[in-house]
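Below you'll find the structure I mean.
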Amino acid sequence: MAKQSVSKKKLNIAMIGSGFMGKVHSNAFRQVGHFYDVDYDLQLRVVCGRDRVKLEAAAAQWGWEETETDWRKLIDRKDVEVIDIAVPNALHAPIAIAAAEAGKIVLCEKPLATSLEEARRMAKALRPVPHLVWFNYRRLPAIAYAKQLIEEGRTGQPYHYRALYLNQSGNDPSKASGWRYQRSASGTGAAGDLLSHVIDTALYLNGPISELTAVLHVFAAGRDVDDAAMAMVRFSNGSIGTIEATRYGVGNPNLNSFELNGSKGMLQFSLDDMNRLNFYDATERANFRARRNILVTGPDHPYWKTFWKPGHTIGYEHPFIATLGDFLQSMSSGEKFHVNADDAVEVERVLDALARSAASGQWVKLTTDAKA
Amino acid sequence: MAKQSVSKKKLNIAMIGSGFMGKVHSNAFRQVGHFYDVDYDLQLRVVCGRDRVKLEAAAAQWGWEETETDWRKLIDRKDVEVIDIAVPNALHAPIAIAAAEAGKIVLCEKPLATSLEEARRMAKALRPVPHLVWFNYRRLPAIAYAKQLIEEGRTGQPYHYRALYLNQSGNDPSKASGWRYQRSASGTGAAGDLLSHVIDTALYLNGPISELTAVLHVFAAGRDVDDAAMAMVRFSNGSIGTIEATRYGVGNPNLNSFELNGSKGMLQFSLDDMNRLNFYDATERANFRARRNILVTGPDHPYWKTFWKPGHTIGYEHPFIATLGDFLQSMSSGEKFHVNADDAVEVERVLDALARSAASGQWVKLTTDAKA
Amino acid sequence: MAKQSVSKKKLNIAMIGSGFMGKVHSNAFRQVGHFYDVDYDLQLRVVCGRDRVKLEAAAAQWGWEETETDWRKLIDRKDVEVIDIAVPNALHAPIAIAAAEAGKIVLCEKPLATSLEEARRMAKALRPVPHLVWFNYRRLPAIAYAKQLIEEGRTGQPYHYRALYLNQSGNDPSKASGWRYQRSASGTGAAGDLLSHVIDTALYLNGPISELTAVLHVFAAGRDVDDAAMAMVRFSNGSIGTIEATRYGVGNPNLNSFELNGSKGMLQFSLDDMNRLNFYDATERANFRARRNILVTGPDHPYWKTFWKPGHTIGYEHPFIATLGDFLQSMSSGEKFHVNADDAVEVERVLDALARSAASGQWVKLTTDAKA
Amino acid sequence: MAKQSVSKKKLNIAMIGSGFMGKVHSNAFRQVGHFYDVDYDLQLRVVCGRDRVKLEAAAAQWGWEETETDWRKLIDRKDVEVIDIAVPNALHAPIAIAAAEAGKIVLCEKPLATSLEEARRMAKALRPVPHLVWFNYRRLPAIAYAKQLIEEGRTGQPYHYRALYLNQSGNDPSKASGWRYQRSASGTGAAGDLLSHVIDTALYLNGPISELTAVLHVFAAGRDVDDAAMAMVRFSNGSIGTIEATRYGVGNPNLNSFELNGSKGMLQFSLDDMNRLNFYDATERANFRARRNILVTGPDHPYWKTFWKPGHTIGYEHPFIATLGDFLQSMSSGEKFHVNADDAVEVERVLDALARSAASGQWVKLTTDAKA
């Protein structure tokens, strides 16, 4: 190791979960120091899961020093400082709360919880410790740049916000199994899995939702979680919109899109073209007005000093690296990190209202928690 | 004139309205015989409007033989066989009913009426005479081809139908005036003007809507018609969806789009790329599956023997020509023409439910009229 | 007819040729008065062709008053003031020269001639009479707007100009027949038919070509005209580029595209998206730089007062109407019209150099004609 | 480390060069074991460069154990088994030859050499040792998939191959410095830097070039390397094409594109949409023919078991990881690896012909080396 890293503080990580998200997190742990100047030297100490064969394979692939099959044992270990949670949603709360109570740094996959009440309990437990919730899309350069343009006033008074998360997993019988399709493990279906991303981005870019009316729909007979979720929403800023997620969005392998129409401009993003942002500046002279298809890889764009160089695109995993990098820097600087558990509670609040509205067929107003 | 037209029957037209739609209709009257083999020789007999200067200009530009300022006088004229209605919505009913009762052929702009009840009365009056409602988009080659693919079973069981009509006229103070922004003349705002198109296309492609919950929204203080309309809908075929129209869709000069996700495939269309249809065939082997961006100008596509030749695109006006051409051919063949007044009643039925739902905040079930 | 047209001067047209281009011209004759305020009332007097059945059909469809099978008879007719030439290229010269010498107004399809020498003779004959060459694409709003942006200096010093015309007719055995594939009738193949468009647009937008090296290629055994033509060129303004046309551009029904890279900006156009122009402004601040995909239908764009209204697109035929409209207005105003025969000679000059270079394998410098 | 890696053979790497490509290579060294099952455990032993400050920073960032400023010292070190060359082109030959002669495994950046003669000498030296040339783009999933479709016969007889590499570095005074703009360090300009990529991909997908005529152009006064290079080429398979690269392609941050038109289909790729491939199947029934915009992330696509999961895109760096992974696997399997030095000689052969043609203005035939 080069000298510089000698002075870094070692942080021992235990990751619980060795599926696809475990792979994505492992990559972030391995890569963050290559792209971020952080004060911590991450140690991939132990990976925990139930399937020993898969566990050994994951450990070998990513260089986890040890494997473990009982997450509870990790909580008490002195040589573990960070607990990373990449398991089915129903396990988030017990693990996160135990870890936080043991004073661990906690990284938790989204959605935070399986209910609003659970999310609140988790937030209460997590507030005292450094923690993050892996809502990764806020750190896509295109979405971070959208946020910047909105804050600069370039979209003006917001009128409409329309967002979708469409995949086609439900229509593929080979995929429509596993814990994501069982209420006991996941809490919800497309709502928690996909729409939670849409909601977090919406709250980030367009602010709180004040009321909504919603549909939760099951296409597959006998399934106990929603295959599709959609809602019409009113935002506190006066704009209106629709949000939707489905596993039956045939034709869309993994589409996560939004469009914001405001008095001064429009922003449009789609995950299947994730390095770009469409911006329409309605204040320009008429014959110049057009969608600018901005390749968000320029020297003045968010996160582009971080990765490659202008014109060179990034892939799916980079926002995870950026999330982790920003988090580690916030640990040094003391700045509040987002998305934290309180932010994630806001997502759960919308999911909760959505479920109640879907059940009642009524509009539901969102209320705010009493101050924590 | 070449001999062939000697044997054609002359049809004398009176067009009421000399604004933008009057221009579009005049063009269709002038052009239909150039692209369609029809049994009728259309005579642009008289154009009627209130502003004499504009009227004379329109007459000169398009070769209308006479001008008139009182539409009632046209109803009694023996030398007028066709009444074409291109005036504010509130005038559709009195003119159409009077014309039908006088035995005229009636062509009426959309939306047919300002209320469901009015639409029903109009349909009753119009049924005995040849008539059309100018829902032009069904005859866009791309939309006609979408219909064909659906009927061939290429999209399978429908899951989702999502459609938008966005323009930005409301955000432009210079445009936000005129009869379209006054309830007395238009009946509704974006709902009747824009969403009616979305609804007609939805009913055409995806069948009846069984229930919906809706929002009508006014952005501009003091305006008495909706600037934006949106709804979540359940279709009788089991699919669910959203429909939306707005005059505040900044960034979209004139977007009219839909996406249909079915078990076997996806269709996607947008009016800002009107000569193309995206089709995703989910039954192909995995590594070939993709959006095909079909330029609907091929020799086997709908309407392409009608206009230019493969690879040569059409513009905004051509679906109007095709609507008129198909109508004139249906007059010869005796086949039932669509969109007729009964079809348009179905659009009004959705608009009516939408307004009731928007007022009550409740889901509204759509009922069927007793058989006519 | 409304009174206004009483004062218009009648212009009797004889159109020679009743194929696809005859249809397009007939449409322009019928439509020009609907979109342009012109001093002339066009009379579709006589259509001339060899196939009497097709001729009668064309006459019936478009309302030509008479048919004729011998073009020479038209030249002497006093009641014919305009000769429109839409026949195979080899007939352009005899007809155009005879018509011009008889004092007719001459409209001639492109390419003007089958050789540079022939083009020069035609230009000499045509100069004294009002005339046009049907290079229609200059009057696509997007290309006219590109010209305007270039003249405003928005692209700066030009570096590269790259242009293509690709169709796939040669790869389709059912299409690869007819006069376009025979040297005796067409003079050249893809070069004259397709590349001539590319060259005219290039000269219009980027100025004279000073030298080139070229390839003419035949894919189909035994064919005596080129299936593909390509050249590397140096422009007088210091930029370099490639131009190419082919009938074997499989995958492209009718692509006609260019890209201009200059020190201050980039312009990009493609006929398969003909209502749009991509513009990249390299002088903007870095994080705003992007391709603007401009829908060239705005109130300040070229030709948009002419046709529909903002956001409403046009089709293949409209540039022909605009060509004719501008020509008729130039006849009234006395302004020089482009594309005239001298402009078309410049296209032939490039085609001539291209053929010589293809034969020799050498770079060929283009020389200028001694002043006419 | 998990046990599995205990049995892996350690490979000590010395990387020469610590600029942008050094960063990209370091990443590949760090990541390859995470995505590939390889028999080697890469050790980042020493990084070598001239600027000690940058060197220490690079070492710290990527965990290189040592730094060195004299590359010659690395050649003799027993503890270095791999020499990776990421320095200006003029240094490739001396380093690679010395390393190969010392029996090292050699990884060399592209272009391999500064002349054909030098490339031949390098190939002779490198043949006995495992080695690769970093032409990374062959391992973009989209390009690998294009190769597969061509080999399956899906494009048929090739007619045209058109390829571009456009960036705008030359137009940006802040970028137009450094070794890439000096002949002594780089050998050539845009030709070796950018066009070499185009050529390698062309040879890979469309086979050998038999002759060409070319232009090398300098836009910036006083510069001694080409800013732009373009050629018309004839391929041995009978197709014709154009290739072009420029640093003055304003509007294109980093475009690397090709289009292949064949009798049965078309393929089209662009690096600015690097996870997609357009495929047009000309053998389908007419009304289905269209560009399929294939997201090359499906389970049956090349390299997608390697990285994330279907629908999840990759970024700029992944083809480098794939290049290294395939190389390490070829070392185990004994299969011949491509791109090797002999492959890279073929690229140099085209660059050499291009320079001779640009100098003479003549077509140049490419000859084959006598068998090695």
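Chains here go by letter, A, B, C and D, matching the order in which they are written, and residues are numbered from 1 within each.
Keep this in mind: a contact is a pair of C-beta atoms (placed from the backbone, for glycine too) under 8 Å apart; a residue touches a chain by one contact, two chains touch by 3 or more.
All figures in this text were calculated on a predicted structure; none of them were measured in a lab.
Trainee: Which chain has its C-alpha centroid farthest away from the centroid of chain A?
Mentor: Using the mean of the C-alpha atoms as each chain's centre, the farthest one from chain A is C.
Trainee: Counting C-beta pairs in contact, does A-D beat B-D or the other way around?
Mentor: Answer to which pair has more contacts is A-D.
Trainee: Quick one: report the Å distance separating chain A from chain D, using the average Cα coordinate of each chain.
Mentor: One centre to the other, that is 35 Å.
Trainee: Compute the distance, rounded to whole Å, between the mean C-alpha positions of chain A and chain B.
Mentor: Chain centres of chain A and chain B, defined by C-alpha means, are spaced 42 Å apart.
Trainee: Please report how many Å separate the Cα centroid of chain B from that of chain D, as a whole number.
Mentor: Each chain's C-alpha centroid was found; their separation is 54 Å.
Trainee: Tell me, which residues of chain B touch at least two other chains?
Mentor: Expected reply: 291, 295, 298.
Trainee: Going by the contact rule at the top, pick out the chain C residues touching chain A in the complex.
Mentor: Against chain A, the touching part of chain C is residues 145, 279, 285-295, 298-301.
Trainee: Enumerate the contact residues on chain C facing chain D in the complex.
Mentor: Against chain D, chain C makes touches at 159-160, 162, 164, 166, 168, 171, 213, 215, 217, 219, 228, 230-232, 240, 242, 244, 246, 248-252, 259, 261-266, 268, 278, 280, 282, 291, 361-363.
Trainee: Where on chain B is chain C touching in the complex?
Mentor: 1-5, 20, 24, 26-27, 30-31, 33-34, 56, 59-65, 67, 167, 253-254, 272-274, 295, 297-298, 307-318
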